[in-house]
Amino acid sequence: MDRANEDRIRDSFNRQALLKTLGASLGAVREGHAEIVAPILDLAKQQQGFGHAGLAFSIGDSAAGYAALTLLELDKEVVTSEIKINLLAPAMGERLIARGRVIRPGRRLLVVASDVYAERDGQEIHIAMLTGTMVPVPV
Amino acid sequence: MDRANEDRIRDSFNRQALLKTLGASLGAVREGHAEIVAPILDLAKQQQGFGHAGLAFSIGDSAAGYAALTLLELDKEVVTSEIKINLLAPAMGERLIARGRVIRPGRRLLVVASDVYAERDGQEIHIAMLTGTMVPVPV
Amino acid sequence: MDRANEDRIRDSFNRQALLKTLGASLGAVREGHAEIVAPILDLAKQQQGFGHAGLAFSIGDSAAGYAALTLLELDKEVVTSEIKINLLAPAMGERLIARGRVIRPGRRLLVVASDVYAERDGQEIHIAMLTGTMVPVPV
Amino acid sequence: MDRANEDRIRDSFNRQALLKTLGASLGAVREGHAEIVAPILDLAKQQQGFGHAGLAFSIGDSAAGYAALTLLELDKEVVTSEIKINLLAPAMGERLIARGRVIRPGRRLLVVASDVYAERDGQEIHIAMLTGTMVPVPV
């Protein structure tokens, strides 16, 4: 993946206010793959004190979207068309890591998947699995 | 729906930090139905200036969860097992309204749906459709 | 919906070998809506003697696809991009009825939904709910 | 996986009339994994001459269900609670292979995934990805 592509992905990420609100940062990015890391801030918890499903969803969805964007020309953005999340375990631990990947690229739509892990005592617990569809749109 | 039930739902809602962060409030609640309203705060936007998919997801998921909770005994909570969102239009307008409902109640799991609308110039635009599964757990 | 449109939908239906195998027939079709009816043949059962999830899926998916096709020009077909089924009750009874509808039309993709009912002693039991995405393709 | 477990899985498979109708057979089965193979019979095609989405769904869903069953006691069956399929490529080729696996086991529900491949000229093409939830029930 060339530098211009990574730059526009980091620029796009920096304009995502919700991800900033959640304290998320963009991790490793390479062709067809993108990683987003986020702490479990108090402001993102649900009523039992775990991270809200909306937190895992937001970083999982965005990691999948940026994975798709790595494969698109510089004059394209992506929007999520649909995405499903299966929640596997409570979002508790030091931080969450979402790893998105492209399952099938395409000109009109890209099928993507994302897995979210909670780091707990040095271990990664698989807490959510997402599959979805991204649609390229002009910037 | 009796008063004790509505009280515990409002109590639970008030403990959801993420929903507070997003500026959401609980609207009408009745048996099998719950409504959540949220502005589109700058802090919840995506890179194009619309509400992030995570915003529509968070209030849609929570509205579906509270719809389920209206049908459960007072010593139960619900957690989302899985939920899928189809995004229909950009989240732009004065505010978003999520309306959750129970499609099929059950002792072990409840199938739910939720629709999210954007209020724009006095009209409601359907921006997202969710279907999911909620699991009752002890408080 | 004009006659030419309904004709091509019935022609398309008649070329669907799997639906013929399942004994399905096309019911009412109107703009944005299509109905498919099927008996629960022995050949379509699962190990407990109920209709297989694949039966409810096949007619639910096809009803949604034809609902989409009612809105497209005559030189288009649709293919399913993704579809999720929530199973609500066992497929038992005299016959199944799938009712598909378009939730949001679009040039590049159409968001659809479908509900499947089992007719049992003159009553309709809601046995499955589907939501999906259809993509128009040239014939 | 012990012999009694594999036997009951093969017994269950043999009682699935729809899978027999589709010409499917049970392939390798091991703890948390199950494989189903099916030709693309004329009777299972859609209007364009490819395998119907209902064929990929039926074997993908069943492979995921049997993957779940490998982890359950002998007095249990599983039923599909929900499952989503993303279709990646047309079902064309010599035969389809569905590989199901358990993502997260559980007493009340199991999260599963399944991938379906078409064998074409000695190559496997990934044609469908499924994720779902299985619920154990008494036999």
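Chains here go by letter, A, B, C and D, matching the order in which they are written, and residues are numbered from 1 within each.
Please note the rule applied: contacts are C-beta pairs under 8 Å (C-beta built on N, C-alpha and C of every residue); 3 or more make two chains touch, one makes a residue touch a chain.
Keep in mind that this is a model prediction, so the values were computed, not measured.
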Longest centre-to-centre distance from chain A, chain (CA-based): C
Pair sharing more residue contacts (C-beta pairs) when C-D is set against B-D: C-D
Euclidean distance of C-alpha centroids - chain A vs chain D, Å: 29
Euclidean distance of C-alpha centroids - chain C vs chain D, Å: 21
Mean-CA-position distance for chain D and chain B (Å): 33
Shared interface positions of chain B, touching two or more other chains: 81-82, 84, 86, 111, 133
Residue numbers on chain B that touch chain A, as the complex places them: 12-13, 15-21, 42-48, 52-55, 57-58, 61-62, 77, 79-87
List of chain B residues in touch with chain D within their complex: 81-82, 84, 108-109, 111, 133, 135
Chain C partner contacts - residues on chain B that touch it in the complex: 84, 86, 88-89, 103-104, 111, 113, 126, 129, 131, 133
